[in-house]
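Each of the next two complexes has chain A plus one more chain, namely chain B in the first and chain C in the second.
Up next is the complex of A and B:
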């Protein structure tokens, strides 16, 4: 595909996403599209960490939770300005990423998956048990809307734009990274760790940075979620959520940002199919929701069996490149 | 001038002595070969020289500085690059991109300059690309630049790995069986390539089984057998050395 065609597609998608709230007036639908954006923030990070650097994480919901609880605590208990809360949420999640990066320096494949799974479970446990800080199983409520100075961001349209502006910024940073030296370093690490070392790639630095950056994106997503919805509880940040994020990255395909982003949109919207398609019967919608985990599972199996390179790979094959 | 000096390197794996007190020097501007039957300890020695493995005892000095105990990245950055017996290319990247990775040895590490597209990061990328193209031409494989490494024929893969090692700007290049899997024509071309690399100012230490190639390119040869050095000298001398002949033909006793 020529660079111009690619640029045209990117601009088209950006414009479409930007004007969507002007066309769609339904508050619920706008909320759904906002959730797509929040998931996209997490999955862009996982696309870097897993799709490019080849490092598995089954604990990313833990980072989303760290960002959410940090920003909620600061906003409600300490009453810090919103921007500071969000920045702190991303920062604390990034520190969590730094901690989780340490096992990644010694563990590979399944063992790393187990370690990150353990991290995610530990975080869920902490959110549930640290009641004085997190509110325990009852959750944390009364989190104020995002506000910049006196300006409170609270209409569905404004919140949508806030989230998708963050997604655009994250994707831009990620695209710049993948198109240059660090992107090659991550792919090299994925391709052959020995070869990367022999080429002078700082493999420790690359792994740590990939973990920290993807954790920061997840933390940002969590912090935004907390202030948009106003309520968070431990059940949001479970291993099931981590698996869903990883599933989106796998289905989207490795060494691609567009594939995982498309997968995020498809899989997130799947859960709200009855709202999107008014003609769809209520029972069909319920069925889809009830079997959502199964559908994800089947989709992953289908991808692994028939299209191991994911959506991005299917596209590349069709293009014959 | 001595570029690399290996002193009394010993490496044991359990009861097996893989490398047994091996010492030799590599002089600047020369091609030195390391030969020996399978299991003689050549690859283990290579790993010890490049930070991939730590010997139990002995010392290695490269350009007057100690090598043992440093990470592979540190070793590469000091000017000592290597290739692998089983090529370690990045299969989902093009040949050109593979070689560009080699340039990272001397580039920055952070993600931020790249993420923000800072001018010096962009310049770094352009330099790496230009250097990689130049090296592919030097090695004579520039027509393969845009092919994915995973799709390359075995012979070309070895050459891409050499180009990638050269992209780290080494002063000494360690090649682990560069002719393995090559046909006679490719081997002849490899000989010319090695001379071009040496003439470009890079000293070479090569492990190789192809005796024709070894005798043709090397200025000096070190022979290992069962972990120990049994001979060292110019090709003509090595060919006549009774201990070497015995090691290769498997004779029990050697008498003149």
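Up next is the complex of A and C:
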């Protein structure tokens, strides 16, 4: 695909996403599209980590939760400005990522995957048990809307724009990374770790930075979620959610950002198919809800076996590039 | 001396869950030795064992037969999973194997949910009767069963590995796949066998503990983390070390839960996992660590 065609598609998608709230007035649908953006924020980070650095995380929901609870606690109990809460949420998640990544990534093999799974389980436990801070199983409610100074962001349109603006910033950052030296280093180590190392790539450093950045994106997503919905509970940040994020990145394909973003949109909307297609019968909607996890699991296996490069790879093959 | 009795009680509880972790850790070790990958579906084999056992009992099978059937059926699921999802990965890339086992774990969990429902289920105790008393501490009869079955499985595995041609072929494959092929060993069949054995061990663990803790479709992920922590604690790839790691992890958990707060019980395995990765990645019983890590 020529550079111009690619640029045209990107501009087209951005414009479409930007004007969507002007066309779609339905509050619920706007909320669904906002959730797509929140998931996209997490998956952009995982796409860097998995697709470029070749590392598996099964604990990103833990980072989302860490960001959500940190910002909620600061907003409600300490009453600091919203921007500080959100920044703190992302920062705490990034710190958590650093603590987890340094021991696991020093080693060859896939210790990080299991360490993140354990971390995720531990976080769910912490959110449930640390009742004075998190509100326990009943959750944390009454989280105020985002506000910058006196300006409160609270209509569905404004919240949608806030989230997608953050997604755009994250994608821009990720695209810059993949197009520059660290991105080339990541791709090199995905191809051959030994080769990358021999060429002077600090492979541990690259992986750790990718992981910490992905944790920060997840924390940001969680902090935004908390202030948009106003309520969080431990059941939102489980290993099942982590697997969903990973599934989106795997199905989207490696060494691509567009593929995972498309996968986020498709898989998130799948859960709300009955709202999107009013003609859909109630039982079909229910069936999809019931078998959603099955679909994720089977799709992961199918992609690895039959289309290891994911949606992005299918597209590239079709275009013959 | 009530304190000694209390300590003894914690040690008994620790060795009980430690035996379970040891069996799950052995499963990780077997598959890791055969493929170089971590099998994320290992915990689901534990879950399937317990669930299938309950189901076979509900069909009217006598308990020993139900347990045996559940172990066999889970082993078959393990072998089938390998044939359908792992073997087609022609390049044997561990990253792809890991992703496939993650997908497989979701599918197995969902199948269990659809077939057996979301409720917690219990298996009857293997033998009824009051607890045994030793120095003021009580040992439930099921705990004795757990120890006996674990010991039996470990001894059986050692005999299989050391004495039989089949076991030697498995070891040869894990040492050097290509060389094993050259001397006429069917290396692919050995990988299938590793998955079947790992599944059987996981199922045995899930069955042995089901009368005490109950079981449900979603118990797999948690036990997976613990079994893996145990395997890492001992040294991944070494079966004896996996058993030692399992028992040690069980003890640490039980003492932390007893003397600190029960809430910390589930945190111990993750802390142990990270601490071992940080300080001694080859595991406590591992050698130089150069060949595996």
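Odds and ends about this structure:
One rule holds for everything that comes next: the second predicted complex is superposed on the first by the 315 of 321 C-alpha atoms of A that agree within 3 Å, B and C clash if a C-alpha of one lies under 4 Å from a C-alpha of the other, contacts with A are read in each partner's own complex, and residues count from 1 in each chain.
Going forward, a residue touches a chain if its C-beta (ideal position, glycine included) is under 8 Å from a C-beta of that chain, and two chains touch if they have at least 3 such contacts.
In this text, all values refer to a predicted model and were calculated from it rather than measured experimentally.
When the two structures are aligned on the shared chain, A:198 is found in touch with chain B, with no touch to chain C. When both complexes are overlaid on chain A, the residue A:213 reaches chain B alone and has no touch with chain C. In the superposition on chain A, A:129 contacts chain C only, with no contact to chain B.
Between chain B and chain C, the partner in contact with more residues of chain A is C.
When the shared chain is aligned, chain C comes close enough to touch A:250, but chain B does not. By the touch criterion stated above, A:308 is placed in contact with chain C alone, chain B being left untouched.
By the document's definition of touching, of the two partners only chain B reaches A:182; chain C does not.
In the superposition on chain A, A:110 makes contact with chain C only, not with chain B. On the chain C side of its complex with chain A, the touching residues are 36-38, 40, 85, 88-89, 94-96, 98-100, 102-107, 109-111, 221-222, 224-225, 228-229, 232, 263, 266-267, 269-270, 273-274, 277-278, 281, 293. Across the complex, chain B meets chain A through its residues 50, 52, 71-73, 76-77, 81-84, 88-93, 97-98, 100-102, 104-111, 114-117, 121-122, 124-125, 128, 149, 161, 164-165, 167-168. Against chain B, the residues of chain A that register as touching in their complex are 173-174, 176-177, 180-185, 187-188, 190-192, 194-203, 205-206, 209, 213, 254-255. Residue ranges on chain A touching chain C, taken from their complex, read 54, 56, 58, 99-100, 102-104, 106-111, 113-115, 117-119, 121-122, 125, 129, 239, 243, 246-247, 250, 291, 293-294, 296-301, 304-305, 308.
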